[in-house]
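Everything on this sheet refers to the single structure shown next.
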Amino acid sequence: MKNYQLSAKDLAAFFEKVLSNNLRLIAPIKVKQNESQNVTKLKNKAHILFREIPSKDDLKNIVIDAYTDMSAKEIFFPRSEPVIEYTNKKSGVVIKDIDPQAKETVLFGARPCDAFGFSLLERLFSWDYDDPFFLKRREKTTVISLGCTSPLESCFCTSVGLSPMNTEGSDILFTPMSNNNNDKEDRYLVEVITPRGEKLIESIIGISSDLKNIFTEGNSLVQAKAAFENKVKEQMKRKEDFKDITEILKYKFDDSQLESETYRCLGCGVCSMVCPTCHCFDIVDEGEASHGYRMKNWDSCSFALFTKHGGGHNPRDMQFKRCRQRYMHKLHYYREKFADALCVGCGRCVKACPVNLDIYSVVYNLKKAYANNKNKEDKEK
Amino acid sequence: MARIGVFVCWCGENIARTVDVIRVAEAMKSIPGVIVSLDYKYMCSDPGQKIIKDAIVNERLSGVVVALCSPLMHEKTFRTAAKEAGLNPFLLEVANIREHCSWVHEDKEEGTKKAIEITRSVVERVKQNYELQNITVPITNRALVIGGGIAGIQAALDIANGGHQVIMVERTPSIGGHMAGLSETFPTLDCSQCILTPRMVEVARHPNIKLYTYSEVESVHGFVGNFKIKIRKKARSVDINICTGCGICQEKCPQKKIPSEFECGTGFRKAIYIPFPQAVPNKPVIDREHCTYFTKGKCKLCEKVCGPKAIRYDQVDEYVEEDVGAIVVATGYEVINSDKFPEYGAGRFKDIINGLQFERLASASGPTEGKIVRPSDGKEPETIVFIACAGSRDPAKGIPYCSKICCMYTAKHAMLYHHKIHHGKAYVFYMDIRSAGKGYDEFVRRAIEQDGAIYVRGRVSRIYEKTINDGNGNEVKKLIVKGVDTLMNETMEIEADMVVLATAVKPSPGAAQLAQKVGTPYNEYEFFSEAHPKLRPVESNTAGVFLAGCTQSPKDIPESVADASAAASKVQILFSKKELERDPYVSIVNADKCFGCFSCEAVCPYRAISREEIKNRKGEVVRMVAQINKGLCQGCGGCISICRAKACDLIGYTDEQIWAQIHSYPADEAEIETETGDEEEDK
Amino acid sequence: MTTTNINYSDLQQEIRDLSKDLLESKKVNIVIGYGAGPLNEKPIPTFITNAADVDRLLYNEHCYHNLSVYLTKAEIRPKAPWAIVVKGCDARSIVGLVVENQIKREDVFTIGMPCNGVKIEGNLPSKCVNCTVKNPANVSKVVSSIKIDSSAIIEQHPLHQDMEMLNKMSAEERFQFWKNEFDRCIRCYACRQICPHCFCNTCIAEKSTPQWISTTPGSRGNFAWNAIRAFHLVGRCVECMECSRSCPMGIRLDLLNHYLAEEVKNSYNFISGMDFEQKPPLTTYNLKDNQDFIK
Amino acid sequence: MSKNKTELKTEFEPRIIAFVCQWCTYTGADLAGTSRIQYAPNVRIIKLPCTGRIDVHFILKAFEQGADGVIVSGCHPGDCHYTSGNYYARRRFEMFKNMMNFLGIDEKRLQFAWVSAAEGRKWGSLVDEVTNNVRALGPFDNYKSLKIF
Amino acid sequence: MCKNIYRPMLTKIISIFDETKDTRTLRLEFCDQAEKDAFSFKAGQFGLYSAFGSGEAVFCISSSPTKKGYIECTFKKIGKVTASLRNLDIGDVVGFRGAYGNHFPIDNLKGKNLLFIGGGIGLAPLRSLIDNVLDLRSEFAKVTILCGARSISDFIYKDQIKEWEGRSDLTLVKTVDAVANSQEESEWKMATSGHATGGRIGLIPKILSEMNPNLTDTLAIVCGPPIMIKFTLQELEKLGLPAARIITTLENRMKCGFGKCGRCNIGPIYICKEGPVFTAEELKNLPASDF
């Protein structure tokens, strides 16, 4: 696939074209909050969320250099959506299908980790039974990711085998080269990764000659990117490799260490809600017996009721078991079934957890303890 | 789906004039689960009821809605009909489309629409109804009477004569109460003891009455029909089974100067004493606080002189338990202390006494044998001032209520004074004369007109002592009573020899504590609250607990006796069946959801909520949950709205039923139209 | 000695010593305190059951969690008696838990920390600005002899301006304000889980028979959920503002909680968590309660 | 009033749900009926044993179900059949009403009242007043805008 | 890919059987003829049954695949959905999604001795298989059924049990945990009809050990409450049956039925897709503390 470069100042022109092509544009913006000007110091952090950019005038709201608080999975797998509509009258029951409302969409600003998350979710939602809601939206969405040049303290994508600028899951990857010291110009390397990405670029360039000029040949930057990528990887604070964690988790399943590491978990669902790959959902009816909708709503394995049987028995009756399930599912079970771990190292759960529970450090500690044990055993031998 | 039958009544023209009943019945047919929907001119008539009964049987109905007049009118009628047809009566509900619809709306279109919605909401509610059975509670046919004054005595005798056993608990060594100490009673001036004593003896002798004197109720557990009472028998230091009541111990006791409770401080008693000559039981008790043996360790004179050897210095408090089915609280009253009146010397002046003390002075069996004399010097008072409303109706004294009996006994006192000291002058300061009652006003008029009492309308602002010369060269102490005659609008100053304060009536000490033990509410003055001021005046809010006499509010003797008989009759009504049957509307707790914050316990007016321990397999208590006593719960539902987890629910008004009712009101009006429209298309 | 300076390492040492004593003497089975977290300035709730581990306890100005929430959790509850590190504000929660029969007073040893305000991500949270419990009350032991000078009370509550802004709005504007807030809610229930006073084992939001609150994270369910959550805390909330801190969507729960706390104070002269004998205001009444709003 | 309405059929007619206690207000409404007091037909009554049973959930649910106004009514202080249910309710509703106001729900849409069994007339005028107030405010579009999803 | 996998098919209730005080069986017939024709399932599979307005609930299909034209489900009233399903009457509509999950390996059972052990409502999935087996009786060797319930009135499929008792080609042992009084006891212990041996009293594992069945060339199929399964499996192994020859079926909380919603994930498997039928050997690979 082709590589281009795009000057940062031309980004707006690109977006405008996307909009004028009647594509839905979704990008991170600082969500307007009911925030007042004064001493409310508790909440002075901005909330960056993916939202639709309805018009040209809203382009200025797009935030490029920040990390979103929620992942972009909402675009394909909204927190709540109806799956059927029913009418139940004396005359009989009528069920109407719901249109997934899959519009041609450009998602801009997902991070490489997010993008990889989409491909992870896709594996599940197409596992034997195709979930039309997820897949149709996924099919119609072109993902333009933004390479990370200054990872956060909580980021650990390299631990799960990704990188701040990896390409899998993205259709197009924009890497800002301006942050690279060697690169003086404020520009992006635009890597087209999939045919869907190529189609988008072509459709944009194709309609206007002036845009042809802004997307210029970018192969020359590819090498610089590779070096830049390594440099950014180097800067990351969390680098422990999770590759062999499956073994350790199997070994540690009933170990008290896993319990004590997660003892402080309060059982809220923040981690699942902000996670780009958590996909558990609930199916509930909303409305009356006579008319209503069957909803598919986000759920979380952290919730106490998640596995509680109608009869009252709850297999995962303690919070640490639920916490353990989350880690096991992500790092062990999913990997067994779908090749990759269900964690992309975005660190959102780390940032959001009210009691600073940290999947990375839990794994890190487990590994350390495991290694110590091994050493001891070896010595004894 | 449920199988609901809807029956819409025309009520002749009453409903049908402004509500299109045929359309209402028709509209109900479109609701899923409605099997039959009919209208009829008079549903409550026999043929009307037959229509319902037939439908219940033929259509195997699982619920019935009758749309007609208020449930207060005919709910019972139709539920009985349903029961006769084999349907649990609680599966029938009434939709009120007459009082709440046809009678209040002229517009037939609007009325019909509203009637449809009302009926629909009840249909949805009935879908959530389930079979209920009335609650039965077994009843122990024994009653507890707390207090042995005239009210307690009357209640106990009435119940006992009705054939039921009675436990009577009296705090003091003898029954009789305040009435035993009164001289003569208004308005007939018959001797108080002459009418009371035979009744006291009757209590003592009655085979159905078990008497605990010098005893107190320690705790009350259980609920209507099933109370468990713990009684503390205070150590009397005398074995009353052996004691013959000869009185020799009392005679010989060296402690002589103990103010007598019975004499209200106007006379003295010994440390071992029979409270008064007619006491029941007529057995002495040792007042350990004053007894020389108990205070100093030696004496034992009474033991020495006691023929039958009945003295027991080592006796201790004893606890007994009794099971009873009903409780009559007749704990009576006391009067407030004179030290509440700094303007009247705060109790410093010996010649200011209260009404009860005057009763003792006037009583033939009193310390002065009926002679009215000044406590300070034993002289006959030439001028006497009676002050009514001493404390009563005076918010500044914390007693805004009327003590009710003072007007009458003050008149009586003025009268008795005049009968004994003919030349004396009696002034009565009053605020209003309240003499409603048979022969009462005539009685007061007699005091004024025949016995010359000088009634002055106004308050006494101050009383002080002053030594003056009586004209004969004698220094005498007088009480200067400064008041105002509001009718004449002039101030008054009376040089009185004696002042009688009609001090306010308040509940016996410990009333609030007892109310807490029994679990009934009381007001800020600690009078017990009646269940309903008009309709249930002798019942407390706790089922099975009844009130008699001054426990509830100030009352005179006839009222107390009437109360007591009323309470006794309530007890006997309760005892007339082996089991108590009540409607099933009580709260229930889901112990899985309850987390024991006990907010419900705090708001329950009936103390129906107790704490139950939940134990794990090892028998350790893991948590506490609320438990509702069906016998006590009256079904108000207060516990449910305070419960955040909705761990409780009210049978008959469950959350599901209310939810269904709210949900039956369509979000917008258009929906009704389309639904009926649909139906037509289908046909 | 009244001061505004706190030597955290002294306090930390005292916590460790005290915890050691308590564990060794078997007065408590577990100490709930703070320990080093994986990220800087983010200590974590830490549980010590072995006297040898007390050095894992730390204390500094970033110890913002209200640890009392753990006392009612299924894992911790059976471990009573507990010792717990509390700041003045957290101690109020403990009082609330005792008042509502969730814990027995004799089961909990509260290690009270003098506190001159915590730092959350570097900032002083609003709850610390006009704090009246800098020197904890109702605790088993106050660590160190330091007395924090709490005289510096600013007249205006730090949320005052926000409240003013809301009060000035029309009902319509206020509704839009809150709709905008609540619409962001993703129903992760962090606000509930972190609240020491949300101790029901089945939350009303999870009760399906009937379903009073829609569980779907849409406008309707969110409005009902947030309203009911706040209402269930009337007269119970101690304004520790942990809910507000944990909300991943930054919903202004602090304003709603503060409003209700003020209402309770003004109407019933009640401040929660101050006294073991207090009765939550909605479980009692006064004959003279305001009824101007009732026709 | 009812005459006016037939003429202006398109005019907005508010939907009012009333939660009333069975001892006082329900009976009061019965009395209004027996006395043939005419009042606005917009109200739908749900009977409960006591105002103490009336949960705030009921009110929210009523709004969710499209009520434009809600009436909560029970016994006057001191008259409660269960002695104190209305006192607890009074506190709860004061707090709830204030909170709803703070959340931007117009106070006029949520009316609390004491209507005794003898006050049939008061019931009628209460319903009329609330209906008129709410009619003036218009449909409760705000709450209706809170969609399930 | 266009198919909405969340859309239920519509079925009508054609009969209702009250099994116990709170357990009920519904017989459902597909409303749509094409769906009816296309539908097939195997014993052991489950479905999601919806009461519109209340939601969906998971139960196994308790009728045999050999009984054509309808399906049955048996459920206990425990929550919102089951309460709503219970409120339905003949002719009312129930939504159905399925059949999902794996099934009993009926082909592997052929020619073998079969021991069915069902406790309480756990008899429901077994019944589908038992009926299936009995309808093809000649293809199987010895058939033994051990069924138990908490009390006599707690037995489901009472009529069917009676019918089984009447058959000479199978052995039926029934047991209750406890009886209310001695009269009930003597009635229970008496042989009721046909080839029945009379009721026993005691928990299933205990009765199993008393029966001490010859387990050569036998497969045991076990279903019941978790605690009963646990001890029965132990007992079977004690009697010498290898775990690979013990088959059981799990009931977990499920929402979607096709491996998406994550609820029934235990260890590396999704019960709704790779289960609910497992051998005891397979179960050993799953984390025990998650059951």
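By letter and in written order, the chains are A, B, C, D and E; residue numbering begins at 1 in each of them.
By our rule, contacts are C-beta pairs under 8 Å (C-beta built on N, C-alpha and C of every residue); 3 or more make two chains touch, one makes a residue touch a chain.
The model shown is predicted, which means the values in this text are computed figures rather than measured ones.
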| item | value |
| --- | --- |
| With chain B removed from consideration, the chain sets that still hold together | one piece |
| Shared chain contacts [chain B and chain E, defined touch] | A, C |
| Furthest chain, CA centroid comparison against chain E | B |
| Separation of mean Cα positions, chain E and chain D [Å, integer] | 52 |
| Interchain centroid distance [CA atoms averaged], chain B/chain C, Å | 44 |
| Chain A and chain B, separation of their C-alpha mean positions in angstrom | 69 |
| Euclidean distance of C-alpha centroids - chain A vs chain D, Å | 48 |
| Sequence positions of chain C contacting 2 or more other chains | 177, 202, 204, 209, 211-212, 214, 216-218, 282-283 |
| Contacts with 2+ other chains: residues of chain D | 56-57, 61, 84, 88, 92, 148-149 |
| Where chain B touches two or more other chains, by residue | 592, 603, 642, 655, 659, 663 |
| Pairwise chain contacts, counting only pairs that touch as defined | A-B, A-C, A-D, A-E, B-C, B-D, B-E, C-D, C-E |
| Complex interface listing, chain C residues touching chain A | 37-40, 42-47, 65, 69-70, 73-75, 120-121, 123-127, 129, 158-159, 161-162, 165, 177, 180-181, 184, 186-190, 192-194, 202, 206, 214-218, 241-242, 244-246, 248-250, 252, 254 |
| Residue ranges of chain D touching chain C (in the complex, touch as defined) | 56-57, 60-61, 64, 77, 84, 87-88, 90-107, 111-114, 126, 129, 142, 145-149 |
| Chain E to chain B touching residues, read off their complex | 87-89, 92 |
| Chain B to chain C touching residues, read off their complex | 592-593, 595-599, 602-603, 622, 624, 642, 644-647, 655-656, 659-660 |
| Interface residues, chain D side, partner chain B - complex | 2, 5-6, 13, 15, 17, 27, 29-34, 36-39, 41, 44-50, 52-58, 61-62, 65-67, 81-85, 88-89, 92, 124, 144 |
